[in-house]
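The two complexes that follow have chain A in common; it is paired with chain B in the first and with chain C in the second.
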Partner chain A sequence: MSTAILARPTLGQRVAGPMVATFEFLRLLATRPIGLAGFVGIVFFIFLAFVAPLFVPLRNDPSLVDIYQAPSAAHPLGTDFQGRDVLNQIVYGGRDILTVAILAALVSTFIAISIGSVAATVGGRLDTAILAITDVTLTLPKLILLIAVAAILRPTSFVFLAVILGLLQWSSLLRQVRSQVLSLKERDYVEAARSLDLGLFHIVFREILPTMRSYIVIHFILAMTEAMYAQVFIIFLGLVPVSGSNWGIMLYFAQGQGALFYKDSIWYILSPILAVSLVQLSLVSFAGALEDIFNPRLRGA
Partner chain B sequence: MTAVPVATKPVGVGWDPRRYFGGFWRHPFARAVLKAVLTVWVTTTLTFFLIRLMPGNPVELKIDELIQTANGALTYDDAKAIASGLFAIDLNAPLHEQYLSFIGSLLRLDLGRSFLSSGTTVTSIILAVLPWTLFSVGTGLLLSFVAGIFLGLLAAYRRNSLLDRIASTGGSLVSSIPNYNLALLIILFAGVQWHLINFTSMRGAYTSGLEPGFTPAFIADIFYHAALPITIYFLTPLGHWILSMRSATLSALEEDYVTAARARGLSDGRIRTAYVGRNAVLPLVTQLAISVGFIVGGAAVIEQLFAYQGVGKRLLDSVTQRDYPVIQGVVLLTTISVVVANLAADLLYSKLDPRIGRAGGAAG
Partner chain C sequence: MCLVGESGCGKTTTGRLLAGLIRPTSGRLLYEGKDVWQTKGADLARFRRAVQLVHQDPYASLNPTRTVFQTLSAPLYRHKKARGGRQALAAVSELLERVDLTPPDNFVSKYPHQLSGGQRQRVSIARALTVDPKVIVADEAVSMVDVSIRISLLNLLLALGREFGVTIVLITHDLAVARYFARHGRIGVMYLGRVVELAETESLVSDPAHPYSAALIAAIPEADPEITRGKKRVELRSAEIPSLLDLPPGCTFHPRCPLSEAGLCDVKIPELLAIPGHREVACHVAVRERTAEPAAATA
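Right after this comes the complex of A and B.
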């Protein structure tokens, strides 16, 4: 009808909308101390893993007189079994871990969302078949399978490891996406799109999925925690060929070098434990706060 | 073409197979069994192809190794024949025959022999360790489930109280710390720094020299050795149960039947157990089933750290020794036990929730 309704938004409008939304989001986040702490933690660790290595020089030359030192001015987190600085390893050891976690979460979220929403929208036999496959995958003991797969394939590249992790963890999210879409697809606006014969692709990706944006973000974060858990698990067990240094490899060496049962080595071992646990805690508490903010009906429930 | 098909029922006359079989497969019992069989079959097939078709697969590796150790005295075909014996499979047969005979021997629980001690069958190796994993994981998981429902129910009833805050926040904090980190912290602090626990005496599944049997001494001993793994299996999922039970209870409290029960003047205790609690627990039973697979997998690292003789430690040992028949056997038998646990939970669920038996399952 009037062209004003159909006019493209001006640049100002395009910027203002998201900015107001971001402000509102930060205001809501500020009232949730645990979620805020999680958010700060995530920003901190992303900075530590991706930005800090650009400014901190790599120092990995062994110095056998400085083995397992307690924190000092020279070594704020102490030294490891070869006298290397632990803080330096923590700074350099986060990038691979976080990259793999993000990649794996991308793979699993993509599978879950695309296949789950298509299954729910199309329905019928395709849906039944996909649901059956999902149910089967859901029951598999994935970590056992991961150990076997890693033992046979010996993934040397981190991208390959991320794909393996992603392929193992999509099933529970797919079920949830499917049931969400099942309830969304009865809404009027989807009905309208269907009556206009806008096609499956349009209905799924332009009508249904945008309303699930916050839901997808939350589950992406949770998928990251899952991938990170499995990744450190498999590196810790020494099933991924060791190259370079990351938090998982630090844990692996802590156990392999017998540092675990050595009283003075506590500073060395505590650092990767804390790094991994704090990232996990930050992600989980931030995801919890997001759920709370975007889904006020669940508030306190 | 891409229009979403509308579910239309053919108004045909004559024999419609769905009228007979559809109803049967919609029955939860049949569905659960079908799912279990499918899961086992998928794992079997996956393991079969993973071990035989992947680049650098163990079968070829073993053949190469045999040729090399024999120093040229062995032809490729001879080595292949020996490897066939080890994998309990005829490697010269076409792939589909290998696959069929693999399935056949699995049905007889014949999983081949260990590479390291060629007299020992894989089945006997696994049966020696599987009970310990099932015992420790089962105990820890059930304890955490019961404690979690209790605390979650309490937290929901005393919403926003101190207990609620501690239970829900503390629970979610502990749950988001990876189990291997929890185990490491226990070793570091309780064991190495403070000397509260003597790890050396807790190694293994039971003290060697003790006669296994249903004697009080032996039962106390196996609990002593399993105490640390059980603690981890208890703590890791606890927060999840608390939070799920809390939210399930809160939504159950708003249901009309609870209001109706209050209006009828039923006692609070009765409402709490028979109306709120029972309905809130139901969805958690399914989650319990799914978590079995996860905890069993996570048990590998826990058993390794605490030197507990379970199936996970056995699996890791065979990985370092490249004992592929044992790896294959562990994957298969662990999956089967997880599937059986799931099946039991599915059946229990349909027993607990009489609506399921009729309404065509709780899909979704």
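Right after this comes the complex of A and C.
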């Protein structure tokens, strides 16, 4: 046996596979205008929320002479009830919303995948118990429960809020993961892994879940949209102690300060709504395109 | 050792039972004198490792998301046969050479979709070998690969069996394959979930005792059409396979059997009984005739 076989792969060889895959992915995405627009939208909003604040100075001082101005060169999206620049608030208001959405999606996806796949693989009474709990959770009215939980716990940090949101929305994904795993575990290669005695951990995380990658990514994105919606909703209701500035708080103030009664305040009200909707739209259309790209049978259809 | 029988007669189920993947509805599976389904933990795991399965469909038996190296190295790591990437790579390369996937470094980083059916089947065989099994159940392992490479796969299995001291149980519907593979071994013929005859290959082929085996062997086409046409055909009374949900009473073969005797075959289930010539058969008529002959000769 030559020693060449034993040599570790060079960096070039290691990177080549993922690079090719990325190019292939972008090529396929480029053939789907809606998905591409969604992808661009997501990149844009991530940039807006996480990178732009580093370059745009925060302009947070009230200016009573500038209240509810129409868009102008100085204030491209007008001003709010204290004469502050709306665009500036949009730039600074995205970070918390997106962070919470991502964290909440992480929490719920993690719960759904780990418990769902274990339930399906182990089966028996554990499966029955997990499924029963999931079904109960599924039937709870989410938003009303969220209001109650938020009112009781008064989440002061956004991490805490993300965990609550995550804990409330894992159930439907768990059921789907479970049923997917139930079908995957009958595959020959899983049977082979069982007879090779590779262990439950290996079977779940190395054999079954990787084949569900695409599925998990898509559901992660959809979980983000769900978390974002719920989060803006309860911030708007004022159930989360108001601190800092984000799109939900902008809506809360717009409502509370009676911005509806001013003709020029339309930009102030619409801006956060548009921001939220555009992020959601980007996420959903990107997820839709991913579904096509990951499923070769739907390609070209 | 070969197991043959027609579609749906329970060959695969037998294989899966052997590998301890499904629990028998009745009866016991013994390994080293112990009932496998009564053992737990380490013993059960040891049994599972001792019996490995090579699946029928090479396109479903390898995980599409894992490279050949990942597939083969996981059991090595898990069972502490290799520590560190170097050792694992060396062991995987050796395995790949054993199954004639050479040079191995062409294959280690390939995904299953980059391999042909025959190559995948070789990887499956290599995977089964990673845990030093005592028995390999090859379930229709050559049925779905191209005819041209069947023989080389069969030879590979035979060679590996000798080399590693592994018993290979080849499950097949193709009697020609069984005859080639088990030419120094035994063939078990199955019909509707039961082994109806178990005999050394040559004696089974030249002189089948069970009428069903006789029918199967008569149905093998020969390379020479003259011989095929000249062969004596066993006339079955019916070509229909009875429903598995509503098995006929007595011998399950009696509705089709040319030797069937009313009042015996349709009432009593024949047991697998030893007859002269180191063989066993489950047929009232065959057992009576074959055990009677030598008795008459000595008398």
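Here, the second predicted complex is superposed on the first by the 284 of 301 C-alpha atoms of A that agree within 3 Å, B and C clash if a C-alpha of one lies under 4 Å from a C-alpha of the other, contacts with A are read in each partner's own complex, and residues count from 1 in each chain.
Rule of thumb we're sticking to: a contact is a pair of C-beta atoms (placed from the backbone, for glycine too) under 8 Å apart; a residue touches a chain by one contact, two chains touch by 3 or more.
Keep in mind the model is a prediction, meaning the values are calculated, not measured.
Comparing chain B with chain C, more residues of chain A are touched by B. Touch criterion not met for A:85: it reaches neither chain B nor chain C. In the superposition on chain A, A:210 contacts chain C only, with no contact to chain B. Applying the stated contact rule after C-alpha superposition, one finds that A:144 touches chain B and leaves chain C untouched. Shared-chain residue A:187: touches chain C; no touch with chain B. When the two structures are aligned on the shared chain, A:197 is found in touch with chain B and with chain C. Residues 194, 197, 199 of chain A lie at the contact with chain B in one complex and at the contact with chain C in the other. Taken in their complex, chain A has these residues touching chain B: 34, 121-124, 131-132, 135-149, 151-154, 172, 178-179, 182, 194, 197, 199-201, 203, 225, 229, 232-233, 236-239, 251, 255, 260-263, 266, 269-270, 273, 276-277, 280-281, 283-285, 288, 298, 300-301.
Put simply, chain C touches chain A in their complex at residues 19-21, 45, 48-49, 51-53, 55, 57, 60-66, 70, 74-75, 78-79, 85-86, 89-90, 93-94, 97, 103-105, 108-109, 124, 127-128, 130-131.
Those residues of chain A lying in contact with chain C across their complex are 1, 4-6, 8-9, 187-189, 191-199, 202, 206-207, 210-211, 213. Listing the residues of chain B that touch chain A in their complex gives 2-5, 7, 35-36, 38-39, 42-43, 46-47, 50-51, 54, 56-58, 159-160, 169, 172-173, 175-178, 180-181, 184-185, 187-188, 191-193, 199, 247, 250-251, 289-290, 293-294, 296-298, 300-301, 304-305, 312, 315-316, 319-320, 324, 327-328, 330-331, 334-335, 338-339, 342, 363-364.
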